[in-house]
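This is the structure I want to talk about, given as structure tokens.
Labels A, B, C, D, E, F, G and H are assigned to the chains in the order they are written; within every chain, residues are numbered from 1.
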Amino acid sequence: MGSKSDLPVVEETAKLLSQFEIRHEIRVISAHRTPELARRYALEAEERGLEVIIAAASGAAHLAGVIASLTPLPVIGIPLEGRTMGGVDSLYSTVQMPAGVPVATVAIGQAGARNAAILAAQILGIKFPELRNKVKAYKAEMAERIEKETYLFNKSG
Amino acid sequence: MGSKSDLPVVEETAKLLSQFEIRHEIRVISAHRTPELARRYALEAEERGLEVIIAAASGAAHLAGVIASLTPLPVIGIPLEGRTMGGVDSLYSTVQMPAGVPVATVAIGQAGARNAAILAAQILGIKFPELRNKVKAYKAEMAERIEKETYLFNKSG
Amino acid sequence: MGSKSDLPVVEETAKLLSQFEIRHEIRVISAHRTPELARRYALEAEERGLEVIIAAASGAAHLAGVIASLTPLPVIGIPLEGRTMGGVDSLYSTVQMPAGVPVATVAIGQAGARNAAILAAQILGIKFPELRNKVKAYKAEMAERIEKETYLFNKSG
Amino acid sequence: MGSKSDLPVVEETAKLLSQFEIRHEIRVISAHRTPELARRYALEAEERGLEVIIAAASGAAHLAGVIASLTPLPVIGIPLEGRTMGGVDSLYSTVQMPAGVPVATVAIGQAGARNAAILAAQILGIKFPELRNKVKAYKAEMAERIEKETYLFNKSG
Amino acid sequence: MGSKSDLPVVEETAKLLSQFEIRHEIRVISAHRTPELARRYALEAEERGLEVIIAAASGAAHLAGVIASLTPLPVIGIPLEGRTMGGVDSLYSTVQMPAGVPVATVAIGQAGARNAAILAAQILGIKFPELRNKVKAYKAEMAERIEKETYLFNKSG
Amino acid sequence: MGSKSDLPVVEETAKLLSQFEIRHEIRVISAHRTPELARRYALEAEERGLEVIIAAASGAAHLAGVIASLTPLPVIGIPLEGRTMGGVDSLYSTVQMPAGVPVATVAIGQAGARNAAILAAQILGIKFPELRNKVKAYKAEMAERIEKETYLFNKSG
Amino acid sequence: MGSKSDLPVVEETAKLLSQFEIRHEIRVISAHRTPELARRYALEAEERGLEVIIAAASGAAHLAGVIASLTPLPVIGIPLEGRTMGGVDSLYSTVQMPAGVPVATVAIGQAGARNAAILAAQILGIKFPELRNKVKAYKAEMAERIEKETYLFNKSG
Amino acid sequence: MGSKSDLPVVEETAKLLSQFEIRHEIRVISAHRTPELARRYALEAEERGLEVIIAAASGAAHLAGVIASLTPLPVIGIPLEGRTMGGVDSLYSTVQMPAGVPVATVAIGQAGARNAAILAAQILGIKFPELRNKVKAYKAEMAERIEKETYLFNKSG
């Protein structure tokens, strides 16, 4: 994440990763304020054995793009809301990458934070069948929970 | 893709997948006009051995979301430009998914079409090391080509 | 509605439907999280004797579109505000449907929720003359109420 | 429609209405330039036996709203693209109606023009079962046509 | 104004009109909910001796346009913020009038409400020289007040 | 107008002013590139006997605002389309004036250019009854022309 | 700054300028409400020995542009958020300057306010080497502070 | 510039720099496709004696930001139009930089390209008085040219 203040949103990602039992680390790395740290992190990621990188940033959100430019690993970008514009600036800065350097962008803010974890699990599920099963179980349970809710509302006028 | 008319853009994806030697198939499936086909495709995808699904659509672009709702596989969404709005409608319809059902969204149009293929290669590269190597080679070659270009322009005022 | 948390807005629809004495039911059905429930609901709707379906969702709001793709009944879509973007994302996702599968879209949020009920009454009023009369009475009363208000403000500078 | 120049788009609506064998008339009526004509048209619509009104306009597109304010009939609004803004202005002017006066808004431009006809058929299908059957046949044929197309593209990399 | 709830903003207009000693009246008239009242008001305005009409509305803000379509008087439109979109919808609905029927649009919300009064004074100032003088005095006093403020801040680093 | 290249649009204004027999002059004055000319023009306008000023500009369209800040005359602003953004930038720059300095903003581009002339005629019509009559005649003729057109389209399905 | 109410944001600029030991002054000058003051300030700036001017304004934010039109000094523009639109209007009004009169625009609001000071230091650093060193020290310290933070978050799932 | 295809726009910058007799070089450097080249360029810039860097890019335009993060020199960003969105994405990606790392952003596209050169001249003019004089001469000549034009249009209705 680009700033310590992004933690409340990013913790949504971490919680789900823990629930899927995916090992992960959380770092504050700013594409603009700690460019060398961002570069080192991206360049060493593959060798350190990372498999997926999730980057969350707001405003002119370059973090995901900067990391994607320096690693062959898939990079997921979470556009965060800043003080203005409701996150449209970070959405455009994250998703509109030029041909050659994709960022797998998810929704703005909290929904995106949770989906980044699920997407990571789906991606890793290609290699690790038990993770795919966890994703299936997660989706089934989610559907079941909502299906239960739906029968609470069944009135006629 | 949601319509046969999307083919010129989607062929950019196919060309790159072929270049990476990733087996793939192209289908015209409309979330709205052939919902049962979309559902069947999504539900059978895992069993058929698909590993990543790429969905391209314009307007109220639901194709990626509909498929993502029915499969544990990672789904990449390419928002296409329609006749109006420059693709902003399809971008929002593709990326703003609710918590629980991510779509890995790439850039609008042609750049996104090419990046969908690269992202797929990066994702599969987690399982298939030779694919990761191809991604690295692709990026290295791209950088080299641009670095060569840069020395063509070296004039002073 | 796509989520239980949409209830406060959707209750505006329900209240008006009750006022028009239109029989109705409320369901929590998520296009993305309970796709099979959404499908079943849409496919069975006609046989169950439903005449109009109203779908309310936020973000990449596919609920109305998904249901419209699976039923010959008219579908009314209410775009709801999510945490960001003021509902513009759900408006575009609901209204920009491809040729072949219309969604009758109303305003974002609360005004739309109330108008969905009135639109349903207008639609049903084609078949049921007493409903058309209720719509007329509703509009007449609304006009009268505002016309009374207007004479409260009649000062000169 | 608000202007004679809107005819090419509105003819898409007319063609589909003819295909569904729905009797209809086409009028040039401007909410702003012929307000009295618009009013008379709206006030007489019910008595003349009209059942659904479709209004297409661009810019500050008030036509649908003005008519909806004066009739208990359901009004469908087609936002048209003007010279600037890609139709976003007409979309907002058509859909963001206040509580009490709904306009059933469809997509901007040509897709919306065709969907207005289908939506009208769906609405009338509540009263006229043969119309509902035509809608079903239309959708089935559309799905079949696309399903055929999908098998044209079946290559592997 | 389109709704009684718009009064707090419209009172800004009224206060300034009173300060300029311009006779005025305030009415709640909804283009959509009281279309006949709006029409009558617009049609009678000239005969009643009104010289300028100021219309304030939110959402699909048609009030100014509807009145402008029925009177030869200049009409000033104040786009108001609704619950969503920060007033962009009402701005587009007010300003994007078709050729033939202008609305003199001012800024969204409170600044626009005050400017509507000043614009009215400027317009009437063409006929009534004392009003032009009041506008000049108002502007001079405003400039003087700000020029005084500016000397409060005069520090060096 | 801010640039000679704006002439094709501004000529629409001039044509209508001539049709209303309103004396007028056309100037190329850039708020940014000829600020002293803009200032002189604005400061001398009243003394020279001008009654209304119409300013057309694109991009960060300050021309109307700069002139409005220096004259007690009513100023009409026409936001023009630049090369990008479809004129949204000039619309916001023209209409979002702070309290104290209104600009009477009309639609973007050609429709606005024509409406600026009509609005000027309406404003001057307060003082010059024959101008108000011309406005009435213009509107009546416009309505008649469209009403004639409407009867050309009268077919049934 | 265009209004006294902008002070809380502009103080962020002042604090950083003080920290860099750059002499500065703060003025309330409105492009629209005190145009002559703005002009005088801009015209005298060079002679008074100013080297960089920073202008902060909201809405149709013309302050930076007006000053830039009257001085050969570099002008930095800070777009401020108004009551509506999240500052998009002031961003467009500040940045979309016509060829010939640049404004060096920074981010909307507080981040922009701080960056205006740093940009001024960078610009002055071309002439004053000790300022460039201060910029370097500032950036190094910022990076170091964030790098420290990053090691606080180092947990695995 | 981020891509060789940006040259036609960037040449506008180069032409003006040559006209001001400012020594300069043109490089194709992509923040995303040649990140190491971008970094090296930024890190060596100061030592090589560069004084101002101008970066032009489209889409998720990170080039200016990436360079700004690695040099104490002032960085000017030109947002370029891509295939979609009219450059709004590159504008947001360039201007919305976080506190600590400013980019001096100019207008989208060609106007911005020319203004980048003038802004560079203004910035360098702080150190090099002859450059400031050239800026003054440029502005005076521009004003004179437009003032001449203005007298071509002087007709009355």
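Going forward, contacts are C-beta pairs under 8 Å (C-beta built on N, C-alpha and C of every residue); 3 or more make two chains touch, one makes a residue touch a chain.
Please read all numbers here as calculations on a predicted model, not as lab measurements.
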{"item": "Any chain that touches chain G and chain F", "value": "E, H"}
{"item": "If a chain touches chain A and chain G alike, it appears here", "value": "H"}
{"item": "Length of the line joining the C-alpha centres of chain E and chain H, rounded to whole Å", "value": "40"}
{"item": "For chain D paired with chain G, centre-to-centre distance based on mean C-alpha positions, whole Å", "value": "50"}
{"item": "Junction residues of chain C - those touching two or more other chains", "value": "3, 30, 33, 35-36, 59-60, 82, 85-86, 88, 95-98, 100-101, 103, 107-108, 110-111, 139, 142"}
{"item": "Pairs of chains satisfying the touch condition", "value": "A-B, A-C, A-G, A-H, B-C, B-D, B-H, C-D, C-E, D-E, D-F, E-F, E-G, F-G, F-H, G-H"}
{"item": "List of chain B residues in touch with chain A within their complex", "value": "46, 51-52, 72-76, 91, 95-108, 110-111, 114-116, 118-119, 122-127, 132, 135-136, 138-139, 142"}
{"item": "Residues on chain E engaged by chain C in the complex (per definition of touch)", "value": "3-4, 7, 14, 17-18, 20-30, 33-34, 36-37, 59-60, 82-86"}
{"item": "Contacting residues of chain F [partner chain D, same complex]", "value": "81, 86-88, 107-111, 139, 142-143, 146-147, 149-150, 152-157"}
{"item": "Interfacial residue positions of chain F with respect to chain G in the complex", "value": "2-3, 30-33, 35-36, 39, 58-60, 62, 65-66, 68-70, 82, 85, 88-90, 92-98, 100-101, 103"}
